[in-house]
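A quick write-up on the structure given underneath.
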Amino acid sequence: MSSSHNKHALSWRRLYLSRAKLKAASRTSALLSGFAMVAMVEVQLEKSTPESLLIAFSVTTTLLVAVHMLALLISTCILPNIEAVSNVHNVNAVLESPHDQMNCYIQMAWAFSTGIGILLFLAEIALLCWVKFSMYSYYAALASTVLIVPVVVLLIGFAIHFYRQLVSHKYERSNRDIEELENMATQLDNHMNASNIQNV
Amino acid sequence: MSSSHNKHALSWRRLYLSRAKLKAASRTSALLSGFAMVAMVEVQLEKSTPESLLIAFSVTTTLLVAVHMLALLISTCILPNIEAVSNVHNVNAVLESPHDQMNCYIQMAWAFSTGIGILLFLAEIALLCWVKFSMYSYYAALASTVLIVPVVVLLIGFAIHFYRQLVSHKYERSNRDIEELENMATQLDNHMNASNIQNV
Amino acid sequence: MSSSHNKHALSWRRLYLSRAKLKAASRTSALLSGFAMVAMVEVQLEKSTPESLLIAFSVTTTLLVAVHMLALLISTCILPNIEAVSNVHNVNAVLESPHDQMNCYIQMAWAFSTGIGILLFLAEIALLCWVKFSMYSYYAALASTVLIVPVVVLLIGFAIHFYRQLVSHKYERSNRDIEELENMATQLDNHMNASNIQNV
Amino acid sequence: MSSSHNKHALSWRRLYLSRAKLKAASRTSALLSGFAMVAMVEVQLEKSTPESLLIAFSVTTTLLVAVHMLALLISTCILPNIEAVSNVHNVNAVLESPHDQMNCYIQMAWAFSTGIGILLFLAEIALLCWVKFSMYSYYAALASTVLIVPVVVLLIGFAIHFYRQLVSHKYERSNRDIEELENMATQLDNHMNASNIQNV
Amino acid sequence: MSSSHNKHALSWRRLYLSRAKLKAASRTSALLSGFAMVAMVEVQLEKSTPESLLIAFSVTTTLLVAVHMLALLISTCILPNIEAVSNVHNVNAVLESPHDQMNCYIQMAWAFSTGIGILLFLAEIALLCWVKFSMYSYYAALASTVLIVPVVVLLIGFAIHFYRQLVSHKYERSNRDIEELENMATQLDNHMNASNIQNV
Amino acid sequence: MSSSHNKHALSWRRLYLSRAKLKAASRTSALLSGFAMVAMVEVQLEKSTPESLLIAFSVTTTLLVAVHMLALLISTCILPNIEAVSNVHNVNAVLESPHDQMNCYIQMAWAFSTGIGILLFLAEIALLCWVKFSMYSYYAALASTVLIVPVVVLLIGFAIHFYRQLVSHKYERSNRDIEELENMATQLDNHMNASNIQNV
């Protein structure tokens, strides 16, 4: 009984985590791709801008918007099903929610919009500085790129560290869960033996 | 008694699902058509832009806005009726809600704004890159289109996979429901037989 | 007793419906008239644009904004009175709310901002395409108008269908209510007769 | 006892009404003055624009922003005091709220931002059409002004009708309240007489 | 016992008031400084604009943004600490909140963003009209300034009146509180005397 | 028992504080970096602008956006895990939340977006005034920089003062906690001695 209750509680927590991740993914990528699109429409190109820069700018903006659309599609498809379940005040309703089945898509939407999305956005800023400043000052454009590189390294470092801590946190937690289960099993055994003895 | 209660619970879940879908549809398409309109108003056209490109751009923007308006109209018509019901704290109120009767419209609004809307938006981005870059660099415009194609394939693949999983999920669930109903029926039979025997 | 309770419940549901409609109306028309205004301010007119087009553009934008202002005024006047009542946790408070008295205004605000507002917005898009594209490509402008026409027909068709279903839904419901009232009356009669017999 | 409870309930309802009005006033005027400012900054003036038009445009924009600032100041000063009270779950807390003392300011903020604000905004639209269209087409600018006039008349008509209905609604309600109070008084008299008789 | 409970209740009310003020301050100044920045970036300066006007415009915009940043910094530093406490459902938690200690900063943030912020914004509008209109029409620019002056006087008048009423309201309230405390004290005395007598 | 309950309560408060800080950080830096990006895209550069100014402008904008992206990444990674826990109505769930483990990242995100972010934004404003005004009026650009300096000093002063007060507040609180623990310990000792004596 208690263990089925625990399984439900864990499933609800995963449901809330999935919901929060999908919401964060959709909000983040809406913001980033919105800025990228406005920047592309409003920036003034010049005949003197080198073609390689234009290709890089076009590719980055398109990728940024495409990644956002993927995250948005996944989020709009799965979120209503999760929210419909989370509004029902019934502990068993969690079994009807598709968040465990669709978990890989939820992770993908989240990783795309935060991980890849933020790296692409930093690349977009560096390229925008080249498009905007390169015909006035070469060093102004270069300075921006030079600054972006350590930030990208820092971000990737944080992402890796965060991922490892999360994994070790989960590992620790599941170890603790297993120990608890073993304790429960031995207690149950003792209890059953005790009651058997009583019945005898 | 329990079965009428179950029917109500399922109807409430469908109500919450419809509400969440209509909200997501209206939010998504407001965002996408808003960007499309701003892009059309603010982009600078040139005399040298080929006519076929302008026609494609005009058609895509108009379609995007039209699809949004359809989704918005459906959402604004049906949502207030659903929200009025979901505010009433009465289990039977769900029968007054039009979400089962209007289900095909809700699905249409949702499919239009997420499915068709997102594909149109990706086409819009590709066309915008042509309008913006083609007179400076042919390859910059081409690169964007080349990138959009696999993304569109990926999106359609996800949509089909998601739809199938949802259908199989529903099928499984209704199978389980039918089994439960059969179990309930046999239990009821046994119970009635037992009570008949007792009465005898 | 139960019937006065039922009347209150129906009145609360109408209150929630009015509140949801006014909110939807105010949100929808803020969005649409905002886009229309920004489009008018930012679009670049040319000396070669035909006068009839300019007149149509000016008239549509003004109508769109005027319809929004009407819906906004009605919404800002009536909503605070409804919200003040819906915050009071007292079943009888519903009698103090002006939503039944002001019902025709609420319907008007809602019909204006969704029905007329959305049709005007589609006309605005078609006109905007003419203003923006006509001097570069006649067919690009024409294509947009050709697309808008079936969408408008579809929208009007949906609106009529939705209105009819809502009316038939209400008719059905009131029929059921009348039957229930008759049942209650006959039950009451039986009960009174029974108690009269008991008293005799 | 019951009458002091009733007085509290009425005061809470006025508090909720004041809060809803201040919120609506602040939201409405933020929207309207925001559009007016953006329109003023972004519209392109011409040397040929007549001076009287420029003066009217400048005066209307300034008035619109000033009315908004007045409503915003009143709202920012009074709302925190009302919200602090409405968060306290204590029936007597309503006595500490300044909404009855500051009632004339709340009415002023609301009337300024909805009544005067909406009329000024319609005037702003008409003037904007003159500034934008007059050098391309005299009739396009005129058409907008001709349309605004009946809308203004309609709005004033609604405002007067709404105000009268609200007053009559209040009058009716206070009449009913007085009757109830008289009933309570006579009941109390009867009760006291009855208890006096019992005591005798 | 009751008096410590009262002290807690007063402290909670001050906490809610501080929270509402910080939120209002941060929202108001974000709006105003946002408009000011957009206006500065987008307005087109001319060589003929007099230098004194440019200096005044630059100084006002900078001050407006600086005042906003100060209010934002204070709000972002203090709000999380207050919100963390207001989420804990424990009456004593209010003692951990820094809202009493930081009260002068909260008042400063609020006064800066509403009082000084709104006056600066009105000055900004007047200067913007000069920058925008002065080369087309001297009187259009003058009219705006002439209108701003009485509005500023009105605003300062309201602010002083509001401040006085709030102070008198507080004075009255604390007088009432003192009377209540005296009543409680005398009651306590009587009670203690009575119980002493009983004990004797 | 009571002490484990206290530890949970403190952990929940830290969870709420972390959540509020991450939300504030993400909101603040979205606002500031958004304005910075729009300003960079929309401001018009001139051939005559000195290169050092362009480099400073490019560096500041890039840093501002990079700081925001760092805060956004941290916030999007950690917030969903905290929100999933705060939705579970289980006192022990707080142990599963990573807010204590990730505390240094949360502090970093918050310090980056409020502390460094606001200082960078003020620098951005000063630089923007130079880019915008320097070719029309040297003194207009200078005036803005002269104003920013005391504001920066004031902000740093507030930050240091706030930090010290917070630390002393915490110090005081932990002192009080230690005293309470000691009191509890002595009470427990007395109680145990008393019960030992009773048992004897």
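Which chain is which? They are A, B, C, D, E and F, in the order written, and residues in each are numbered from 1.
Going forward, a contact is a pair of C-beta atoms (placed from the backbone, for glycine too) under 8 Å apart; a residue touches a chain by one contact, two chains touch by 3 or more.
If you're wondering where the values come from, they're calculated on a predicted model, not measured in any experiment.
Participant: Determine the set of chains touching subunit B that also touch subunit D.
Facilitator: C
Participant: Same or different: do the copies subunit D and subunit E touch each other through matching residue numbers, with over half of them shared?
Facilitator: different
Participant: List the centre-to-centre spacing of subunit C and subunit E in whole Å, with centres computed as mean CA coordinates.
Facilitator: Between these chains, centre-to-centre, one finds 38 Å.
Participant: With chain centres defined as C-alpha means, what is the inter-centre distance between subunit C and subunit D in Å?
Facilitator: 22
Participant: For subunit B and subunit E, let me know how many angstrom lie between their CA-based centres, rounded off.
Facilitator: Their C-alpha centroids are separated by 44 Å.
Participant: Subunit A: which residues touch two or more other chains?
Facilitator: Within subunit A, residues 38, 42 contact more than one other chain.
Participant: In graph terms, with chains as vertices and touches as edges, which category applies: line, ring, star, complete, or other?
Facilitator: Shape of the chain contacts: a ring, since each chain touches exactly two and the loop closes.
Participant: Spell out the part of subunit E that touches subunit D in their complex, as residue ranges.
Facilitator: The contact residues of subunit E facing subunit D are 9, 12-14, 16-17, 19-21, 23-25, 28, 31, 35, 38-39, 42-43, 110, 114, 118, 121-122, 125-126, 128-129, 132-133, 136-137, 139-141, 143-144, 147-148, 151, 154-155, 158-159, 162, 165-166, 169, 173.
Participant: Within their complex, state which residues of subunit D touch subunit E.
Facilitator: 30, 34, 37-38, 40-42, 45, 47, 49, 51, 54-55, 57-59, 61-63, 65-66, 69-70, 72-74, 76-81, 83-85, 87-88, 90, 93, 96, 98, 101-102, 105
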